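Look for subunit A in each of the two complexes below; its partner is subunit B in the first and subunit C in the second.
Up next, the complex of A and B:
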């Protein structure tokens, strides 16, 4: 017994001693890795041990113990006991230390998520996971494995704003493609919930065009939502996927998303009556995909798109005529739609209630104000920054030994002749 | 007028009908119901029969015209050797014209027997020429075969035989002869791609061609372009036809047709300056337009913006144009294009246009006009907007400066999105590639 306790004691002492500097930490890390299995086998290791450690100073050691203590099947009692402990740890731990054992940290946080879902109280997990993500991230440009879990909890808790705060980071680097798919898919759904359709479109676009060899279920669902959101936001449907989508996607997506493509084509024709009939006919399938709400939003957006088209052709139009042309019930409904669009800023118009006439105006933006100049300036700066990034990436890729090796191997295919050797000889095999 | 030179037979009939000299100056393609005899008199050969049959098929319920056309077709077919057409015509007549126009089996058998004999004779001659290897005779032999098949109505064989003479042609004249025959058969068969290729072949000849031949080739290629719906090219070809052509190509086309086709296609597809230069100021084409004064009037009306009268002429000509074998399929499209051009031209000089006055000018209701204008605005052919409350059309010129700013901002945002997506995808690919190569290693 004492011997066993001693080994645990020994570990604790080492943790307390070696948590100060980075060389000590790496030694400690090796030690902990070695002791991991024996700790797991210990039946006596329990939560009281954690009282001897300080979460913020001894984060690495605390993490190892905590992980050992919380593994095992999930149950309601365990959940309600462990959640506050884990949350407190996440809030107070030291980011530098936990990054050394990031996979353990990730599995710990996933545990938290499981517990929270088990108790059906996702909101409890949102705060801690948000902190966890911020601590785990090496840079805001890098996606972690926790991002999708956080977004999933936000979706279930309907706390869209916290989810959105994470989404405003530009993700460029990714460790695991699967994380990216889930991140973009959940992110898209959060943006849809917040009615920020432009950002949703961007995120879903990233999933749809991501490189993949076989059709990915997440990407397929994302494609269905992508079609619907592009109908709502852009008012049109393009039958073909963007050229940069993978060949697997281009070949297979269409076969699995039949009703959505029909919906898109029907939308392009612009007739409300037919669209509604189609929706009713296929409502079962839409319901199965849980997209029925989105589909209904798409249908109501058709009215908007038709009214928008009218502004191109007419200077003034009576409300009754608008109702007739867009196939609304009566002038009152037309007035409501037009009013809504004016408030949303989609059109510029004046409604004259006495005559029942709407007068469409030109966009009053003259692009002469200082705010507009600032906007333009920031867009220009951003563009310059991005171009620099792109060039840097291109350069680094051309120096990458793997890339050079591949080109060297396939030199025969790209036979440029002796005077145009782009790759040094040493890379050919 | 050239028509006085023509076979005075039918003309005399017309004179007895009308009793006045002015009747032979009466234009044949006009707003009045078509005078079948006069129309048929413009043509000769197989096309006369085909045109009469076409009229009989497409004249709607007008039995008088139908029977008249069928009667004339019957007479014409009996002068030839095509028994298949004969049988068709007899079926169509169905005994309505009495015994004189019924089935004449004796005639049919006689003609068929003669045809067999002639065929045998031609075959013998041809094989003897072939063994003797006399180029000119072989050429004549194939030519005769082509003529024979053409007369019998077997157009495919006729074409093949005419083409076979190509290897035995020695002079320019032979080649031209072959091309003209091939063109004739192709037009009758309706294969206008062949027409174009043989016209090109004939025109590529290094020796200068007879002006009549050039005019004929231009007519043929104009017809080909018309069938392929290339109205601008068709118009240009027709407008270049030399008036000396007269009636010499009436086994295919009459000068009235050249005027009508050329005029309408030009009106539908030329812009204003081209219309003035190539049609109105074209002295040569004026000779053709004299034959169809209504077309001449309507072109002038269009140019001087008298749209109401222009559209009136068009409406009156429509019924007769629908009976024309080549123009039938294109009448609606051409009319549509002419009307659209008229609408656009009307609105071009004005800042604002009163829709009710415009509707009067175009003989339509204000709401109908609104719909037409809406379609043109959507197609971006008119830059204007409709004030539906006061029924006025206002010209709208896009503000270039604002549009540019808008585009710039939009482009910046798109670039932003696209590059970020691209960096992300590149990262994914790199990751995948690393993963694969680390697995391999």
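Up next, the complex of A and C:
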């Protein structure tokens, strides 16, 4: 045991001495990789060892020890003890050092997530994981393995605004497809919670249309929500998937989402009574999917859609007429819907309380205010940036050996004649 | 062109919009998701993308999805 502790002490001394410069850190990292198995095997290595290290100056070494100390089965006692230690480390650690051992840092943060869930207190993990994502990310364009975990905790803690803060970046670099699927699916749910339905649609669309060789359960659940959010936000349902969706999705999604397809088709017919009967009949399936609340929002949106259609045909209508035409119970219900739509900016109208008449107005926005110009400028800048990213990705792909190899194979299958040069032999894989 | 106002026994006034505005409502029926010009289905099959799923095998079927159903606005109202 004395020999073992001497070896542990030697590691501590190395960490203390080799954490200052990048060259020293590289040497330290090699040393730690070599020592980690022996550290893991030693039962006498305990948390008191960390008192000899500074989490901000010796982050790499601290991380190695902390990862060893926190491994093993999760329990409430372990969770209560380790959560503050891991949280303090995440807040104090040096981003440059922990990126050298990003796998270990991710593993430690996932352990924090397991702990807060064990204690049924997901909110405790939101702040530390948000900090962890910001420290782990080399660039805001790169998705990390921690993004989905953070969003999951935000959803469980109902801390939607914290989750939304990491959804505004344009992600263009992804390591694992599953991380992207979860990021988009959970992110879509965060946006639904905040009623940012346009953003929700964009995120859900990304996972519905993502390349996949096999039907993905995450994409399937995203498709169900995509249908519902399309109804709520756009007031319509399109039976066919986007053309850029994978063959696996095109052939199989509808099979697994029958009640949602039925709901969408019934919604398109515009008949509230039939829609409500269908919702009752299929409520079991919607409840199992935890989508019943969203389905109810979709039903409510049909009233709004029908009112919106009235604004396109009439300049004035009585509240009672509106109620009759869209099958609401009475004029009071019609007034509530119209008021909500005015508040949400879906329609522009004036209600005369005396005679119960509604006058529908044109959109007063003339798109020439300074605020609107700022919005347009921001969108244009973002579009330019995305366009540059796309061009760079296209150039990179056109030089990728794997891609060229596949293209080369398919050119051999189809005879294009002498008009095209054949792909060089070395790329025919 | 303005349509004549309709009147019923309760003298409810419904003023309709000019005809040209009615045409705009038909444009709302256009699909909200514009199809991209991409490879056709046959080309995608060449790339060996998935076919019909058998035995309900879904990738990532064990992903966490046990959230509360929090999106019922009637709870708030």
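Convention: the second predicted complex is superposed on the first by the 398 of 429 C-alpha atoms of A that agree within 3 Å, B and C clash if a C-alpha of one lies under 4 Å from a C-alpha of the other, contacts with A are read in each partner's own complex, and residues count from 1 in each chain.
Everything below uses one rule, namely that a contact is a pair of C-beta atoms (placed from the backbone, for glycine too) under 8 Å apart; a residue touches a chain by one contact, two chains touch by 3 or more.
All values reported here derive from a predicted model rather than from experimental measurement.
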One more residue to check, A:258. First (subunit B), second (subunit C), both or neither? neither
For A:172, decide between first (touching subunit B), second (touching subunit C), both and neither. first
One more residue to check, A:192. First (subunit B), second (subunit C), both or neither? second
A:292 in the overlay: touching subunit B, subunit C, both, or neither? Say first, second, both or neither. second
Could you look at A:238 and tell me whether it touches subunit B, subunit C, both or neither (first, second, both, neither)? second
By the touch definition at the top of the document, which applies to A:84: first (subunit B), second (subunit C), both, or neither? neither
Kindly classify A:375 by the partners it touches after superposition: subunit B alone (first), subunit C alone (second), both, or neither? first
With both structures placed on chain A, which of the two partners, subunit B or subunit C, ends up touching more residues of subunit A? C
Would you check which partner chain A:386 touches, where first means subunit B only, second means subunit C only, and both and neither mean what they say? first
In the overlaid three-chain picture, which partner chain does A:318 touch, first (subunit B) or second (subunit C), both, or neither? both
So which bits of subunit A does subunit B touch that subunit C touches too? 205, 211, 244, 309, 312-318, 321, 357
Residue numbers on subunit A that touch subunit B, as the complex places them: 170-175, 177, 180, 202, 205-206, 209-211, 244, 309, 312-318, 321, 355, 357, 359-360, 362-363, 365-367, 372, 375-376, 379-380, 382-383, 386-387, 389-390, 393, 397, 402
Any idea which subunit C residues touch subunit A in the complex? 12-17, 21-22, 24-25, 28-29, 31-33, 35-36, 38, 41, 44-53, 57-61, 63-75
Of subunit B, residues touching subunit A in the complex: 374, 377-378, 385-390, 394, 399, 401-402, 405-406, 408-409, 412-413, 415-417, 419-434, 437
If we count contacts the way the header does, which residues on subunit A are in touch with subunit C in the complex? 152, 155-156, 158, 178, 181-182, 189, 192-193, 205, 211-218, 220-221, 230, 234-236, 238, 242-244, 246-248, 250-252, 255, 287, 290-294, 296-297, 300, 309, 312-318, 320-321, 357, 406, 410, 413
